[in-house]
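Below is one structure, written out as structure tokens, with a few remarks after it.
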Amino acid sequence: MFDFPPPQIFLQLSLNGALGGAMYGVAAVGLSLIFGTMRLIFLAQGAMIILAAYFVRALFQSFGIDPFLSLVIVVPVGLAAGWLIYQGLFRKAAVEEDRNISLLIAVGLMFLAENLMTVIWGGNTAGVVTSYTASGIHILGIRTSFTRTMGFLIALAGTGLVMLFLRKTLVGKAVRAASEDITAASLMGISPHRVNAIAFAVGIALAGAAGVAVATTFPFNPFAGFIFSLKALVALALGGIGSVAGALAGGIILGLIEAYVQFFVGGSWTNAVAYGVFLAVLMFKPEGLFGRPYKKA
Amino acid sequence: ADGEIVVGAPISLTGPLAGDGKEQEWAYQQAVADINKAGGIEIGGKKLPVKLVVADDESSESKVAAALENLIKVQKVDILLSTHSGPMNIAGAIVAEKYKKFYMITTCFPFEWQPLKLKYSALFFFHPGPGSEVPFEIWQKLPPEQRPKNPALVTEDSPDGKGFGAGFVAAAEKYGYKFAVNDPWAIGATDDSALITKLQAANVDAMLVFGSPADTITLIRQMKELGFSVPYFHGWKGTWTGEFHDALGADSDYVLTDGFWSESFPYKGAKELGERYDKEFKKDSVTVGAFYANAQVLFQAIERAGSTDADKVHDAIFNKEFKDTVVGDLKFDETGFALIPSVATQWWQGRHQLIYPNGDWTYKPAPAWDKR
Amino acid sequence: MTMRASMSIWAVIAAALALLPFWPGAIDSYAFSFLFFVFIYAILSQAWNLIAGFGGQISLGNHAFFGLGAYATAILWSGNYLWGSLYESHPRIYYFDPVTMAIAGLVAALAAALVGWPLLSKLRGDYFALGTLGFGEIVKVLFVNGGDFTGGAFGIVAPSSTFDTLLPHYWTGLGLTVAVIIAIGLLMRSRYGLALIAVRDDEMAASANGIDTLKVKIAAFAGSAFISGVAGSLYTYYIFHVGPDSVFDLDWMLLPLMMTVVGGTGTLMGPVVGAFVMYAVFDLARIVVPDYHPVVSGLAIILAMLFLPKGLARIGFGLPGLVRRG
Amino acid sequence: MANRLLEVSDLEVAYGDVRALWGVSIHVEAGSVVAIVGANGAGKTTLLRAISGLLPVRRGTIALGGASLAGPAPEAIARMGIAHVPEGRGLFRQMTVLENLELGAFQPKARANMRQALDKAYALFPRLKERAGQKAGSLSGGEQQMLAIARATMSDPKLLILDEPSIGLSPLVVQQMFSLIETLHRQGVTILLVEQNIHQALKIADYAFVLKTGEIAMQGTGAELIADPEIQKAYMGVLEL
Amino acid sequence: MQQSETILSLESIQMRFGGLVVLDGIDLAVARAELVGLIGPNGAGKSTLFNVMTAIYAPTRGKVRFLGRDVTGVAPHKICRLGIARTFQLVRTFLTMTARENVMVGAVYGAGSRAGNAAQAADEALDLVGLSARRDMPTRHMTLSDRRLLEIARGVASQPALLLLDEPMAGLNPTEIRQMVDVIRRTRQERGIAILWVEHKVDAIMKVCDRVVVLDHGVKIADATPAEVVANRKVIEAYLGEPAA
């Protein structure tokens, strides 16, 4: 159809792909925390992101609060909501050996959230229009989206903070410890439930941050979240479960794959290739691109 | 049932299509209220009131069947009105066929439905054949320098998208155009930058886009972010709703859109129905008329057949004409299909301006983003 | 309760269900099609239970096998590839053509073996769950892009003009449910069942004791896929239309998973009881609160998990067949 | 009753319907080493788990310095000053040796002294310092046991509970371990010890209880019990082969 | 009985994890029906050596020969079917099964799987370790020492030529140790099974074994009769310590 594209196009694909992928990344970081501590595939993460987006929209429409500014409200509310969700829904299931129970509660929560949103806000597409909606900026001589760049920065900041928290703070280490052996952790004076609740709170707060990015960038509807959950899971596995930075990197890699496949192969194959790469990585490096293997008898 | 006619309808009350489903439910309710106000449907010299029973299809193809089982077996309905998307209506029509209940359909592409040769359902809608010729007809009337040189086709990866896409390709050939880019589009794609880069690289100057509102809005926003604009942007399905304008504001200007109903149609009851909707929801709708007409046809057919028996209703619709619905006069052919004309409007300051057929609005090509 | 006693209770229930159509009015009642769906879900739940409950490998891709079975049936049935002549000369007997149903199961089983081989040899636990989830999505995209062979995004409509009663669907569904229960029951009593439980309990110890763990897991995965594929076949005979969005819907995996957990994972009758109870709850919600039923269903799932985490197996202690194996 | 740190009386614990302890009473004086000995399945682990809150108490009382331990969650009990090295070690296998040790000092009270505690632990087990950055799960069996004990000392507990600390240790390390217990004892740590290495355990114990099928069969000072012919016959027979 | 026929031989086995060399040039031979002790300080590499022999790890260098065949890197279940059974340092029984079902796994799938009556083999093995009375007890409810015995029974039921025991006495009291010693001896005498036995209960090892191999830091530092090993300076320094008073 046309000749081999000039290098400019590769730059453009890479930059925009990476920015788009960071959205999956930030969702994946939240999942990674919840997955890491509770071994829970939290399928409702996407629905939580959309819920946050509706919340951002309500703040904007009713009180005129700028969506990016609303981070200072959304993140604390996300923390509180995550805490409550854990205490109310997952606390009991967390001690059960059968992890399908938590998985199903997450599914139930997803059904509930999606349909409550439909009841409250209707099922149609909703959007937030601000002065900077759909405005572009130049980075490295390439034109790209302002809101996506902001989303990328949010993802970067969120991931960085979570990493510092897990690696450097004792409470963060306690989160990882409890994720491994809840009984042993309790013998250290670590309250397992408090730790899980922290992980959940941070995870949902990240969903809130992602919700800000989504609300400013995309139109959305109550059911738009599931695809985010799926893509975030792919990103998570690409990066390596338990590796927070890996989750973000996984998201960015996924974004790049999608951009390149869309350009060179065609839009209808992006998902197949993305999942194919995901399977291949799982197969040849099950611990993810950034995880480290170990096994002991 | 005795003393009344029970009409069942699977409707997307929940799930991703619930927004459209609510409009459909509203339109059916209006039609039923109106006929009951007129005393009901006359059968054998007696006027019987109509009762509407709905069941949720959960916006899912795989749940339509269960919804219909429920309507037919539990609610014991006499006859059926359709839900509102192509694939769901195929699934619904097949169940109706199994249980020999007449299923009156709107919104499903004839190319999906006709090959099934169903006996107990009828459909009125636009055909992608003539429907997809609309943009070319519009171009034909443009001054030569405004006609696109490098048009592109972007269609979503769904039965409707593929079917309509095939129609566009055929029409392009007929009118002597060639698509510089013809890309299928994954539903729910969040990042279209690669697609836009591709369109840009191919110097595209016109786009025909078939996709959901969310996907189309995302595409246009990202086109603006990346500074890419085409003079002629024509959308199907995603561009006609009020949400489209709400989510884009002034950026929706210049976009052309299809539609299968407009309250400004010169048909009996159209304006009145539009006003009623406006009064209740404070916005306009481009769908309720079609749904309302669907019920109008069915009620008339029952009256003509003097029964809700599927075979008799079949005979009353196939090869027959219906006058003065809110979508105008409908003439059903021997397959039970009636064609309605396609419409094209251009968004201008939040309103649909009728371009095709024979509207009085002149097409405005879109300038570059920074020149608007 | 002794084995024999519990067996006979279930046998009586099965016989009563088999005779139900002779009850006046039963065929036209909603309960009849309700039960048909319960059978489909019971079969799918059994399939999931085999790989996850007994095998310990959480599969989140079983909907793909259901869809593969459904498509295989639709392609064979509508495409006149093999039994077209049979269909033309006897327009009614193509229903539940056992050969087609078996092929549908085999297609799914083959797919499971092919993808299970790398997945199960390399992936453990959560990674296997994620891998199967990805597999399900890939299959769906492949069918959307499958061209004329799969009917693309629209799918395939089967010749449908001869349906006149749900009776054969009902009996086939019931028969398959019973057959699957018996087959799995016998299987778990055999040396293969011993190996499967061993692998679930401790894979390393199992292989150190001579069990080819990969083979055992692949066999369970393929068996689970076979059963799911047959269920997909049965569903196609009922619905007449397969499309990527309908037969590869995630619900075909999530609901059986939920039903199994509610009924009792790793028990023989738990999945069946779970399918019955949960489908009844969902259906009731659909009828009573049509506008809000997913909200109610979501709540029901959460409540069931909060208050019945071990499944009905625990409260229904006296309920035969519900005792956890091992 | 000079200075009773731990007082268990009439304790009953059950697994479902199966009772494992039948009215057990023990006491531990502050600053002493108390050993619990008994055959496999006698209920030693059960007793320790009940003390640290891992099992619910069915009847009877447990008190640490007057505060009841029957009720609070394990983490609350840990914060009251009990460090429990469980059977099976309970290491965080995916985390490094250093991180495991740090978590031993998770309680607010202990966090302040993390540095010194760490130095002390490394001094006792130099091997752990060498392996500080390695994942705990990849340590050898004996190394893991060292880590578990070291981690428990990190919080400077009032009562240190050890459930078969010598399991899987080479003779040299077993000797080290027992001398470590004596060192800790000398430093004033109160220790409740369950051991199969009965001779050694009784040798260092100030007081000991013999548990037999869920009941206390005998008690006395370590020296008394070592000398008891019945004990010698039942639990300490050398290998005559 | 060919007393001196070598059934297992390890040839300069090396095992490294990343940069860490855990086993370095280990040579070792075990004869039919021989009872060999394997001792060494914590972390010396004993369990790792077992993992190499049973193909849980593939050695980075060297060969494992068994009954004349090169079995290096052969799948673990095939190793078992060829006739090497093992126990684990941290007991690994099938927790949702009864004792007898556990042993049946070995009988049905092990080296004796083609040799006939599995049920009988299982019952005999349970009898050998003295667990017949508890055969229908779910493993979950068994004590540690019973589970250790059960692991041995499971191994014996697979009718191996060689049984690897990884610290079967850890956590047992003297009475139980005596019982275990008895089981080990009878396994060798009545079944003619060769045993390679890792243990820290040195007195038990020294009393019972024909030969004792000592590892330290991944290197073999002694391979001799118990009497010689006890007197070996290197062994005393690395492992035994000076005899306790």
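So that you can tell them apart, the chains are marked A, B, C, D and E in the order they are listed, and the count of residues begins at 1 in each.
In the analysis below, contacts are C-beta pairs under 8 Å (C-beta built on N, C-alpha and C of every residue); 3 or more make two chains touch, one makes a residue touch a chain.
Keep in mind the model is a prediction, meaning the values are calculated, not measured.
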| item | value |
| --- | --- |
| Between the pairs A-D and A-C, the one where more C-beta pairs touch | A-C |
| Relative to chain D, chain with the most remote C-alpha centre | B |
| For chain A paired with chain C, centre-to-centre distance based on mean C-alpha positions, whole Å | 32 |
| Averaged-CA centre spacing for the pair chain B and chain A, given as whole angstrom | 35 |
| Rounded Å distance, chain C centre to chain D centre (Cα mean) | 50 |
| Chain D, residues touching no fewer than two other chains | 138 |
| For chain B, residues that touch 2 or more chains besides their own | 14-15, 157 |
| Residues of chain E touching at least two other chains | 47, 56, 88-89 |
| Contact footprint of chain A on chain D as seen in their complex | 52-54, 73-76, 78-79, 83-84, 86, 90-95, 99, 102-104, 106-107, 111, 135, 137-138, 151, 155 |
| Chain B - residues contacting chain C, complex | 13-15, 54-56, 58, 60-62, 65-66, 69-70, 73-74, 87, 90-91, 94-95, 97-98, 112, 115-117, 119, 157-159, 161-163 |
| Chain C partner contacts - residues on chain A that touch it in the complex | 35, 39, 41, 89, 92-93, 96, 98-105, 107-116, 119, 230, 233-234, 236-237, 241, 268-269, 271-272, 275-276, 278-279, 282-284, 286, 297 |
| Chain C - residues contacting chain E, complex | 191, 194-195, 197-198, 200-202, 204-213, 324-326 |
| Complex contact set, residues of chain A against chain B | 1-2, 5, 9, 12-13, 16-17, 19-21, 23, 115, 118, 122-127, 129, 133-136, 143-148, 217-224, 227, 255, 258-263, 266-268, 270-271 |
